[in-house]
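Letters A, B, C and D mark the chains as written, and numbering starts fresh at 1 in each.
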Amino acid sequence: GGSTIASAAGFKACIVTDTGGINDKSFNASAYQGLKDAKMVDPSIEIDYLSSLAETDYAPNIRAFEHQGCNIIITVGFLMDAATTAAANADPKQKFAIVDDAPMTKSKNVLALQYNTNQAAFLGGYLDAATSKTGVVATYGGMNFSTVAMYESGFVAGVRYYDMKNHAKVKVLGFTPGAGACTLANCPGTGTFIGNFTDQTAGKQDTATFFAQGADIVFPVAGSVGLGSVAAAQQAGAGHSVTWVDSNGCVSDKAQCKWFNATVAKGVEPSVAAAVESAFAGKFKGGTYYGTLANGGTALEYNSTTASASLKATIAALTKGIESGNISVNPNRYPGTPN
Amino acid sequence: MSVETVEVTKALKQPHGRSRVIAGIIVGLGLFVALVFGLGSSGRAKSQFTFSPVNLSSNAPWHLGALTVNTRGWNVVLGVLIIALGTEVWVRRPRAPMLRFGLSSIIFLFALLFWACRTPGPSQIPFVNLTATLAGSVGIAMVLMYGSLSGVLCERAGVVNIAIEGQFLGGAFFGSMVVSVTNSFLYAALAGALFGALLGWLLAFLAIRYMSDQVIVGVVIVTMMASLSSYLNLQVLTPYPNFNLGNTASTTGIPLLDKIPVLGPVLFNETWFFYLAVALVALVSFGLFKTRWGLRVRAVGEHPKAAESVGINVARTRYRNVIMGGAVAGLGGVAFMATQGQFQPGYTSGLGYVALAALIFGRWKPSGAVVASILFGLSAFLANGLQSYSVPVSSEIIGMFPYIITIAVVAGLIGRVRPPAADGVPFKRS
Amino acid sequence: MKKTRVLVTRVFFVTTITGMRVELRGVTKRFGSFTANNQISLTVEPGQIHCLLGENGAGKSTLMNILFGMLHAEEGEIVIDGQAVRFADSGEAVRRGIGMVHQHFMLVPVFTVAENVVLGFEPTKSLGRVNHRAANDMIHELSSRFGLDVDPDALVENLSVGLQQRVEILKALSHDAELLILDEPTAVLTPQEIESLMAIMRSLASAGKSILFITHKLKEVQAVGDVITVIRHGEVVGSVPATTSEADLATLMVGRDVSFSVTKEVVEAGPAVLSLRDVVIRDDRGISVVNGVSLDVNGGQIMAIAGVQGNGQTELVEAIAGLRHVESGTITLGGRDITNKTPRQILDAGLGHVPEDRQRDGLVLSMSIEDNLVLNTAHFRPFAKGWSRNLPAVSSNAADLVERFDVRTTSITADVGSLSGGNQQKVIVARELSRPLTCFMAAQPTRGLDVGSIEYVHRQIVEQRNQGLGVLIVSSELDEVLSLGDRVAVMFSGQVVGVVDPQVGRETIGLMMAGAKPE
Amino acid sequence: MKIWNFLKRLNARGPAATAFFALILGFIIGALVIIATTAVVLNAWRHVFSSPTAIFSALKVTFDNVGAAYRAIFIGAVGSPSAYSHSITTGQGWTNTIDPLSETLTYATPLAIASIAVCIAFRTGIFNIGANGQAILGGIAGAWAGSMVHLPTALHIPFTLILGVLGGALGGLIPGVLKAYAGAHEVIVTLMLNYIIAFFLLYVTLSTALQQPGQANDISRTIDGSAVLPPIFGTGSGLRVSYGLFIAAAVVLFGWWFLNRSTLGFDFRITGANPHAARAAGINARRVIIFVFLISGGLAGLAGEVQMASTTHFVDGGFLIGSAGVGFTAITVALLGRNEPMGIVWGSLLFAALNVGGRTMQASTGIPLDLAAIIQSIVVLFVASPVLVKEIFRLHTTTEAVQLATKGWGQ
């Protein structure tokens, strides 16, 4: 658990997690990790967390930290948008950073951390397409949120790009991009969505279905639901694998490492750490931070993938291309392989 | 007297009113299938059945190709089939109309799948894999079997065990810890069963010794386990992640049998938790209805005073059964964990309560519980499976299906099936 | 045949006609502050039929349950053939040769006769399987030995009460009882069945078995008893020979003189207030239990329906009260058709109803006396003002009725459950009679009541009749029917065998109760 | 021993005392849970094996940790004594001082309402486990009325409240009808409905006009200011306790009147205590069952509405889900309050204090908030078994086991 009773002295960075708690092996965990990283860099930084059991806890949790004299308060997720904005307006001197959310109303003392995950997901899609034995890969989401769909859209783009470049016919199941580009404001698309971020059973069943349809790699964008995919891969046996999201699967979940071939990471840790350090250095500025491949705000991390050195080289090249903007991550730019 | 007996058996037909309602609903389903899924789809549309199992390593020597059928024709046939079931209920008023209802809803879901995977059509997936579907359902069905079997043991002795969900959670939690440490599912199973038994004892202790309201105690045990497991998850599993490695049990195929097409991979290539469940069902079934033990248990559940008057120790019998029931439910939790992997707070998502419904559906008989579990398992799996076909129904609505079916079944049944007479009634030693 | 013999004898003690001498010494049993048995001593000799007589709640069943090991006495001891014994549970009592037929049957309805008889002492095969064959053989053997035949494979729930009782007796005998306890076995039997039961008792006694026989019916005591022990409020008030006169016995029981005859002044019958026409009713299992009953109850007249339990009276009463669906036929109350109307409508039409099972249908035991006295009138003035209850009115009403109907209680706010059976009955009668009525209907109005209370309830009923109210009584007590009824309708298997004048005498009516048409 | 005798005398008064002792037991077991799961404490005890003298330090560590936890709960729920003395002497900083109390009341408000809902059902022999689902429906209905309909405050607040009630009543109608006409056991039906309603909540917040514009997430529109239940001390104060408190008070009064003084409530109690007698007394069981569910559901819905309108002002996919479920806590509160409206007032204040204080405990000691829930369920286990409590404390009274008459499956 968190640290011991607060002392107003010294610099204090605090995080209010949403109902997922700091053990969700997803962005609550990553955000907390970001605080720890910051403490690594500068041990004089005190850190603390509060997890919320309900939306009604957000406001009081934030207030509790204000009373404890936290210098910067990190909040996680769109649900805390309202509470954060309210608190921010009530106390303009209090610094806030909110993870993975585009605030409805901007405020000077709130830094919104957002991530163009489709860039790294593009690489993930390319990797999976290239390493798939069956020529079928699949993805599914927790709920059809733009933050979720953005991963899937990038993933599909990556697969299609692979097919186009290598005249391959790798199919991708589970997500069909809608017309138009995918932005954090709006990322159109339809496909398989579990309906929540917790029901492992459903995740396992959908994954089993995908496997039954010939897929051998699955890319779940659904928080702990993804663990169901891992279970399914274990049962389906060798040759089946999972590409993980948000935070490195082999770190958050060592035991399962061999089932993860890679992780499309959302750079929550570095961005949160950066926010804290800037505040510590007194250089904090409100506004929006966009995580990209370029600034490490999103990245493809290899786990147990069988990818060859040459493939990794190609992917490195693609990374450059995306950073420079020469390669688009919009799936609609590439012809898809019809199912 | 013998005359009366005859009359009674005659009288056991269901009352008109309700059978007709059920029949109406079934026929409605059938019409919907025939019209929407059948005639609704274009005449050219085709749907595919495939049979090859997912796990290629245990792939069978056989290879069944895909079965391609005309969507419209096939669904019309299925629709007519359902309608037939409905009319049978209407006319014959059979004793188990809800069984017909269960079958109809399964057929309905299959028809829906066929319709969803039709080509040309919106779905990316042009086929339904029967083997995978059945195999997946068996996973859930197994857990439900453990749950409802636990229910049978408790309620036949006259104690309502509504805490099954809690025993699932407890079993899953400790099972997951033990297996993570010892890497042996045997120990995990023992730990889970032990903890389940402990919860069973708690229920028995309060319900029998202190005559507390069994339903209340049961529900509170569930909430207690929910909060306790979530608490321990944060206090123990977070700091020590290798207490929750979440390795799943491997399947062990039964030689030869697992080579049978379709059935092989579904029934004879399972984890030993599944085989154990089947064995337990057979065992309890035999015990309850053939042996002295069973006769006495049922007497206690039907008329405890009478049992006591012939020197049967009601309290002891109930303790024994409720504790056994708890152990079985705990096992169920481990079995669940063994197929789902890593423990998450509240990840049994109400299966324990569905198991109760299965128990009622199965008329407090182990054999009935099996049938019910399979029906519920299938419906739950199909409902989830739907999400991978882009059906024009939002996933939230689809998610409701299994629970809606459960309610329908329970609503259709209670008052017609007869629970043990003293079920849930505390016994005061005169 | 031989094989099964072996089986039987292996499981059941070999019958030895030795007889048994049972002594109770200073037995005392308390329930909380209430003493149900106080220093009770009595002796049963081998081959003796020993009768226990006493008011309701005098403590008879309690005493028997102690002897049978189901209850444990605070003081005193049980001595069998000279040696003191202590039974942890009734199983031990049974093994020691004591059998009991309980006042409330101890049979599992969904089990077969055989299963019920062997329960607790099951003959088994390999793997602990129950040996049904051996069980059946054993039952056949007993049936033939004591002339109690019943189909071992029949489900008990499908048996008539009389047959169920046979099963109880078989059960007791099957364990080779030397002492047989019969707790009010005759309450639910036809005169004929009672006769055969008494024959059985005599034969058992002559076979050397001792019998403890509990009943409220003085005639029976005199018919079969050797010795009669009378208990009042938990204490033995005397042991007397069977030759003692009814009057003396009654006085012993109640502690004062009791008048058996009900004095009825002559009132000429008014018009019909309640009439049934071709009424047909099905029971819960869908079997038609009342088929085509037509009947008229006139004002100022008591129509008494006689008949053995389970011949449709219960369902008939429920149907009249609107608690059971009428398949066909019509019921009119005061000229209004009340067929299949709701209980509410029927109550408002002026039907007073004293239900057969008072604690189930008549009272809410966990509620106060005053609330129970307005159970079905709480919605009306003066007990309600708009949507609120008028509690002062409720209390004054209770105070008044408790006084008028002599309900023995400490306070009107006490739970009805804490009242004695008879007083509970008085509460119901008081409630029903305190409403404006067209017809008063009472089912088994004095079942389980002692002579004192019976006397009181009867007087109330006759009073109503004298004031011109139509009264319908359903009773399985022949004496009650004869002493109360102006007309007696006898029901058998769902039909009215005939409506006769009570003067025709108990034999005729007894025969009619067994189905014989009146000549 | 004086205190002991006092307690015994208290206990002679019956139920209240049972609850009191159950509470003590709850805290004791809670302490054991803390001890068994806190590393430092366990380490301290491990040393005892090596050097027995270490037992004192071990005890100290134990008491420090447990003490810290429970102190935090108290401070978080009631406020810190020092703060009070400071405010009293200087008259300053009252807002911060009473903020904990305000939070406790804020949490207790919907809890009390929902508990009355559950209690009325219990007293009729019906176990409404679906109160939570009904509360969610109430919240949804309220969110709709508050955000999609625009009215002046004077009309808007009543309108949203009524919609909340209707929403909950609708949720109650389903199990009511199924029980009355099909004899379906309410426990299973309402349990399943809770899951269904959770999905429905996601559906409306994701796929209907109620979804927050410009949001792809499962979050509803925010209700108009005119529909918000305003804080008693004004928005500026930062104290959240709202006028919903008075609604709760009204509901408690209603509950008391309904159960003890109304004719319909009398019918309910008769039906609950003895359905057969009720039928014979001309009470229409079906009507009663449906009314119970309408009233119970309606109140539950009101609870959800009040919670939404006085705290978050919107609903989202997690509204009252899981550990947040006021409707579930309400069951335990109703039991704790022995199904008496006054008892429920105390019960909800107590459990609210536990949850609110639990937040502070988690903040300052890192012990998870779930501990509060654990303590609560243990308390109820004991409350449901008064005889056990008496045996543990060697007390002799006449109070019988809780009479809730939840029926078996029969109906």
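The definition used in the following text is that a residue touches a chain if its C-beta (ideal position, glycine included) is under 8 Å from a C-beta of that chain, and two chains touch if they have at least 3 such contacts.
Fair warning: this is a prediction, and the values are worked out from it, not measured in the lab.
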{"item": "Where chain A and chain C overlap in contact partners, by chain label", "value": "B, D"}
{"item": "Chain B and chain D: spacing of chain centres that average the CA atoms, whole Å", "value": "32"}
{"item": "Approximate Å spacing (C-alpha centroids) for the pair chain A, chain B", "value": "36"}
{"item": "Rounded Å distance between chain B and chain C, as computed from the means of their C-alpha atoms", "value": "45"}
{"item": "CA centroid of chain C to CA centroid of chain D, Å", "value": "48"}
{"item": "Where chain A touches two or more other chains at once, by residue number", "value": "1, 51, 195"}
{"item": "Numbers and ranges of chain B residues touching at least 2 other chains", "value": "234-235, 346, 349, 396, 399"}
{"item": "Touching two or more other chains - residue numbers and ranges from chain C", "value": "none"}
{"item": "Which pairs of chains touch, using the document's own definition", "value": "A-B, A-D, B-C, B-D, C-D"}
{"item": "Sites on chain A touched by chain B in the complex", "value": "1, 21-23, 51, 140, 171, 173-174, 176, 190-195, 198-202, 204-206, 208-213, 224, 227-228, 230-231, 234-239, 253-256, 339"}
{"item": "Chain A contact footprint on chain D (complex, rising order)", "value": "68, 96, 99, 103, 106-107, 199, 202, 206, 212, 214-219, 222, 238, 240, 307, 311-314, 316-324, 356, 359-360, 362-369"}
{"item": "In the complex, chain C residues that touch chain B", "value": "65, 68-71, 89-95, 100, 102, 104-111, 115-116, 119-122, 124, 127-130, 150-151, 154-155, 158-160, 163, 171, 285-287"}
{"item": "Of chain B, residues touching chain D in the complex", "value": "18, 160, 162, 206, 209-217, 219-221, 223-224, 226-228, 230-232, 234-236, 239, 346, 349-350, 353-354, 356-357, 360, 394, 396-397, 399-400, 403-404, 406-407, 410-412, 414-415, 419, 423-426"}
{"item": "Chain A to chain D touching residues, read off their complex", "value": "1-6, 19, 48, 50-51, 53-57, 59-61, 63-65, 67-68, 78-79, 82, 90, 104, 143-147, 149, 185-187, 195-196"}
